[in-house]
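After this come two complexes, each holding chain A, first together with chain B and then together with chain C.
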Partner chain A sequence: MNILLSFLLTTGLISFQQQTVKPRQGSYAVTNVTIETVSNGTIENGTIVVRGDRITAVGTNVDIPADAEVIDGSGLSVYPGLIDSGTRLGLTEIGSVQETTDSNEIGDITPQMQALTAINPNSVLIPVTRVSGVTTVISEPSGGMLPGTATMINLVGYTPEQMHAGDVRLLILEFPRKSSGGRRFGQAESDKDDSDARYKRAMEKLNEVWDRAELYEHIDAAYMADSNVGVRPEYAPEMAAIAPVIRGEMILMVKVNAEKDILAAIDWVASREIVEVVFSGVAEGWRVADKLADAGISCIVGPVFSMPTRQTDRYDRAYSNAGLLNDAGVKVAIRSGDAANVRNLPFNAGFAAAYGLGKEEALRAVTLTPAEIFGVADDYGSIEVGKKANFFISDGDPFEPATQIVGLFIDGFNVPIDSQHIRLYKEFLNRDEGRIQSVEVIPAVN
Partner chain B sequence: MNLYSMRRRPESWPSTAVLVALFLASIPSSTALAQRDASDIPVVTKAVALEGVRIVQSPGRVIENGTVLIRNGLIEAVGENVDVPYDAERIAPDSMTVYAGFIDGLSSTGVPQPKEEEDLPPVPDRGNPPDDRAGIQPQRDVRSLLSADQKSIENLRKLGFGAAHVVPIGRMLPGSGAVVLLAGDEPRDMVLKGDASLFVQFQGARRMYPGTPMAMTAKFRQLFTEAKRRQQMVQLFESGTSGVPRPEFDEVHYAFFPVIDREKPVFFYVDDVLEIHRALKLQSILGFDLSLAGLHEGFDAVDALASSGAPLFVTLDLPKKPKWMSKLKRDSLETILAAYDDETRTATFRDVEAERRNLEARQVMSRDEFASVAAKLEAAGVSFGFTTRGAKTKDIRKNIREMIDRGLSEDAALAALTTHAAANLGLSESLGSVDVGKIANLIVADGPLFDANTKYQYVFVDGKKFFYEKSERERQTDDDSLAGTWTFTAFTPDGEQSGEVVFEKDGESYTGTITYPDLDVTMELTDVSLDEDHLSFSWEDPNSGTMTVEGSISGDEFEGIVIIGEEEMLVIGVKEDSPE
Partner chain C sequence: MTRKSIPISLLAFHIAAMPAVAQETGSVLIQNATVLTITNGTLDHTDVLVENGKITGIGFNLSAPNGVEVIDASGQYLMPGIVDAHSHIALSSINESSSPVTAEVTMEDVVNPYHLGIYRALAGGVTTSHTMHGSANVIGGQNETIKHRWGSKNPDDLRFAGAPRTIKFALGENPTRVHGNRGSGDSQPALRPSSRMGVEAVLRDAFTNAQRYMEDWDAYEVDRRRNRNAVPPKYNGRLEVIADIIRGDIIVHCHSYRADEILMLLDVLEDFGVTKITFQHANEGFKVAPELAAYGAGASVFADWWTYKFEVYYSTAYNAAILVKNGVVTSINSDSGELNRHLFHEAAKTQRYGGLTDDEALSLITINPAMQLGIDERVGSIEVGKDGDLVLFSEHPLSVYTIPLKTFVDGVKYFDRDEDPDDVRLSVSPSADLDTYMEEEIDIHHNDRVRSFKEIFQER
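Here is the complex of A and B:
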């Protein structure tokens, strides 16, 4: 019932004083829908049964539990909830209002900063994002070389802990950027402190941080194995935050874009023997796609709606990057890299699909592929029995802007489709305030 | 169309004023970035083990293959068999020798140069000016003047110095000195011993009393005597006898009390022989603990210095060599010395050449005398330290080598930089050797300490590790970034001009040639210099005179400018070939 109601509301067919409908878990059966499972093809005229936070049955011939609330989805399609592999959602509200932004800690080396602790579950941007079928995002801090630990959240819940998805945490590394070459206009030639020197210092610093982190991990492991080995070792929260990456228990997300930097990052990751690693950004990845494929490093590309990085590039390089990487054999996920416009994720994927990635791979790049990259494919990314109930119901292809998402399940919660945008739309669609006598308009006298 | 036809600056180029303004605007940001170094990376462990190293604990005491263990800034263990704890950072450098960190006997390292105050009101009575204007400020304490981010600290540390006795900058009585460790984020992290000395120098006030050596000598005696009387009055008043007038507070006099009580030595900086004798005379008349630093002309006062018993610190600053002398090797100088004829008596117009040879020989002799002060003191059995005050950073190691060439033994040089310096500063308990319990100031060198080619790979100060240079072995495995064939292209108002440049490695430096392909002429490069990534070289162009290229190398690419007279143009370069 709810689903249909929401559908009608969003399309503006009826309007009445809306009562507050909260997301809730329960027993649901979505019937007569086309199911895009992503992992096992398309099921026409199928049924999905949800109990608690899990999908308990999927298929054409499914017993509907007696207590299930049945949602008839005739003519509609179900897709796995979209996963945005790089956002600032929940960490920032309005960029220019400092009080609402908590994504950037002061300092260069702050890996112990956890994005999860800063998530604002009441962010107005979260319902706005859900409207596009995005159920799960990576929310990442920024600023400095090691800005902190990114987190994966489901877009439902009252506390960050309730939102936290699959205990996914990723250590972010802003890889040092080499200068693009070319002396800037007016740059003094005697300026010894040029960009090359800065790059060199940044690389030295990164290596020093990693040397110390490896030593820290070594000492810490020795003490953990046998606390009688000696006095308690020094505690350095920064190093303790890096240690899981060195032990291979946490994924390192390397933010890197330029060709030279990608090559340097591949070498660096190999020399440090970091196994759990993913590159994010990768704007010039298509230039070195073979090397990324050889290194076996997964890439999170985007935002797809970008300008080419060089003036000599074709206009569509940012659109075709994901496709070219995929053709070379790189595992590709797509991100919006945004906060207020994460809802554009399906359109990012749609552009990538149109420019070489293909519809199927593009859908995978915002569902199952990120789930695999982040090691949560057992719970997320596709519509399968036993997985978390993260999916949405739409009246068409979610990559088409005209398509409406009419129903949404996150973690088994049936989440009503409503947002600040929809409320404002309804408020101002028909501005008849219902007054009996119209207000006299007095012209202004200047 | 060649490189030398590109002289005109296009009209559209920004004016010099704009460039200067842009440059100035960029300064604050670049300085801020320069200061953002590794200091925000947390320390993981305070235990470091240097394993498999040769250890020179102090001059003459050597462990051929041992381990030094540092913890919490102190040396915890030294020896052949040391158990390395689980939480130690293990450094096992190949074929390295560990020495004690050097100690600088006197300098103003870490003290910012005070700003020259301009527009001060004229002093009413120049014969009796206020103390601060006359440079009489013994109440100042260098601890409150230190700044931990001074470049001078890093410069000295790079040379192996771990501790320094630092004094304020000023005139006759600049204030109290302190012994500091040359590492730390703030002055309070650095200070090892405060109130270490009262610093005095024969540096007169400008155009007021005391401006001359005689005035300064008199002023010092006056202040010392007054302070002594003031101290008696204070003691009388404090003894509780009633009816004694309240003594006046005078911070200059009060600063002398610990000197009078012999709790604090007076450090006199003296360079010529007269100043040495004046300081010794003052000491014998007034009676205080005297240390002498400087001693440039100590060669003429060896006996007086030896018999005074005062702790000595010999300067590491040597007079600048005349140009002709700096170009010659020692063998040639010896030849000049051998040709010295004491008997030559000629009218200058008769045999100018013989006169010139004799003058040069006398210059060499004089220079040698300055370099032999340390050797003479060693021969007289005096234990002395060194002071870096006034010495240029880049000359210090060179000057120590020259002193060794002039007869100073290497052991005495090491002792002067470590054990003797510590003893002369009264800090033998905590500094000066590689022994258990001492402060972990260490040098890890890849060869004999004073050799020109020896690199100091690590310097430890207060247990903190500073990495400076790769050893020669690691250096050789690095690829040569410059040697090979390059094509340089200059962007001139008349279009692109190119030249083929071949660089060859010649020992530590580079040589090269440039060929203009259009004209098929080849010229020798001069002054090829590669400092890390920064490359510069020049050549004489037949038409345009000296052309200089400057810029930076990044991999196989070069980017910079060519300077022709007053003009500058953009140049890029690409490495085409590396040598076999």
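Here is the complex of A and C:
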């Protein structure tokens, strides 16, 4: 059998075509394109040169390296890769199948859980996402009060480390939720007192954890500075995971939505003198936009496709939230909050644009603004020389559904426009093409 | 239901039974719009006149009869009111999950005109919803087609008069989980179906029993002419409804995902002579598009929802495009009080995923769902003689930057962005707290885990 097979192969009777097109780094020049740099306006008829993982030249008068593969983009546009500031991408595959979901560890205080370690580089959801122009996402653990550390990943690579973008890690804090005052669905009248008590306990717990973490950090830092002083504290992984935030070396991402909770979180962050902080969710941010602006806290809002949070709210509050915050002077990024449909990030931005944010700010809210918030604007968020080659080529405005994304670079890799969804389309559009119908066999007659 | 509440519900029944149906109609002249007729192309700088609830004129320089409001729609886009073929809007309960077959129940009895979702849907241009029983049972309850006549406090005012009867079926994971694969701690014993084999068996049993029931009644009708003492068969409300499906009086709308179960239901329906069928969700409908087209079956799908459970893992956002290009009457539905506010955007996604034309894309939320509900003579396009259900948009409705501005049902304006108040509630409970933050609604929609748990009681 093997002999027969190798004979067939070598004689070309059967060709096992190598059809897999892999993402590939190299030397590229994308020419004749309209470049939306985000940081420096629009460049008409421009060229972008890529080598390795970086953009090495951008402009209208650019030398194209001799070894560059030239991609003619006449009539097309280039945008910086979109950044989704809040997802579960790579941590979950099938929503209701628990075995495929790794975003949630047991326990309320588990800040040492690292999302990066559980990222599945081969998730089918990743190619489905990136062909929409989303090149980079924050992927978050969830569950308890301190569920772990989120990561920022580029949507290309075979290992979590290859995907890890800018070494970004964010400590997540699900801020305690104050009782709404009224009853929630299915909540009995008598539960009201319980929920007030529950909130009080949650705040006490948070403060106790933070007190201990601060103490742990101070003792540990003192010992590390001079090991002759005192005794090193016993290893406490939870405390060690919080310490970088206390030292101002890691951003605290506070998940908070309701007006009362946002106000409480602003006060709490100030009282704890936490400087590196971003709020995420912020559904009722528009109610307290001035206070957020005064506090100088950046906000990640979304999903834009959400219901109003109160029965008495206008129907479009979730659409207009980003614009109202921006008007008040808050730095705003947009998230999808999704896993399966992170590809809808540009549409979230488009709706926010239409309902007050404006197209330019909306584009910034999914490119340069999140890069600034996460401290990686030197490498991400715009099309500039020296930055990571994260961009896509489209036949128009990527927020418009009719627009097609035709080219994609992530971390310098030229990524094929391919995904499970595209492959199924190609296979099933004309399903029975090439199928030979059963043939009536007529017995041979001598 | 508690014992205490019985008298109240009896009272409610009494009120609902009173013939107080007042379905208001209105007149309006919309001038100089770009009119997306759906069935007759796009007309620039065109006027549309609605009189007493019906479209009476489409053309240039139409004049308004005395007292009829005139709206200058220069630079704006007018399209037919959006039809949502799969919704649970305005319902006070969704699943009667006490049996795998509950054909006898009907959503007509649980329509809630106070539901804020009606106004919010209008703000997204939706004028008609097919508000459905849930997917707990293989043969669920009968659905209701409503118009979004916001402000009425009588459930009957919302009814789409003359709309055909429809019924909910469900295949796959939901009925097998609810009935056959109950948790061990559940008080009720497991019932068939616990597999897709069981689903087919439940269907065939139900249809066969209904067929026998019809034969018994036919025999009785013959017998009683000859025999004064002929005894009628025992009345069975459940089988009456299934018999009406066999008679072609009820359109089947079947929750389904996998290609194999779609083919299974087509086989069963063919055996019992049932031809009116639309598959709801049908995430794998694209795999059997030729079979759906050959049967004349419809498909009502999501634009891009997938992988929230195993049976939707092998999905593609190109589903609608493949179905349309294979000749299947296809719609895009919401199944969600959030999604139904931007169905025009969901339809637009078929241009990214499969390059549908503007008319093809808009048909998915207008004339096609109207056909699937049997109301295409009334709504789904802008034509003289049809209902005055219209939406005015700031930009082309397939642009991400568009904003619905005004929504009309039967010529009556129920939504106007310029006059949109903060609080639109029709009734305010004395115990309601305006500060109530409804975080759980957000969680239902955006947390897959919660969503999958909730779907037993809701949908998907």
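Keep in mind that, in the parts below, the second predicted complex is superposed on the first by the 407 of 446 C-alpha atoms of A that agree within 3 Å, B and C clash if a C-alpha of one lies under 4 Å from a C-alpha of the other, contacts with A are read in each partner's own complex, and residues count from 1 in each chain.
The rule we apply is simple: a residue touches a chain if its C-beta (ideal position, glycine included) is under 8 Å from a C-beta of that chain, and two chains touch if they have at least 3 such contacts.
Since the structure is predicted, the reported quantities are computational estimates derived from the model, not experimental observations.
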item: Contacts of A:M239 with chain B and chain C, given as first, second, both or neither; value: first
item: Chain B versus chain C as contact partner of A:A222, first or second or both or neither; value: first
item: Contacts of A:Y355 with chain B and chain C, given as first, second, both or neither; value: second
item: Chain B versus chain C as contact partner of A:V231, first or second or both or neither; value: first
item: Partner chain(s) touched by A:G434 [first = chain B, second = chain C, both, neither]; value: neither
item: Touched partner set for A:R201, first chain B, second chain C, both or neither; value: first
item: Comparing the two partners chain B and chain C, which touches a greater set of residues in chain A; value: C
item: First (chain B), second (chain C), both or neither touched by A:Q404; value: second
item: Those residues of chain A which chain B touches in one complex and chain C touches in the other; value: 181-183, 185
item: Chain B residues touching chain A - in the complex, by the definition given at the top; value: 14, 18-19, 22-23, 26, 30-31, 33-34, 36-38, 40-46, 85-87, 89, 533-534, 550-552, 554, 557, 559-561, 568, 570
item: Residues of chain C that touch chain A when the two form their complex; value: 116, 119-120, 123, 286-287, 289-290, 304-310, 313-318, 321-322, 325-326, 337-339, 341-342, 345, 348-349, 351-355, 398-403, 420-423, 425, 431-442, 445-446, 448-449, 451-452
item: Chain A residues within the chain C interface of the complex; value: 92-97, 101, 124-125, 177, 180-185, 257-260, 283-284, 303, 305-316, 337-341, 343-344, 347, 350-351, 353-355, 359, 399-404, 420-422, 424-425, 428-429, 431-432
item: Complex contacts: residues of chain A adjacent to chain B; value: 107-109, 178-179, 181-183, 185-189, 191-194, 196-198, 200-201, 204-205, 208-209, 212-213, 215-216, 219, 222-223, 229-231, 233-234, 236-239
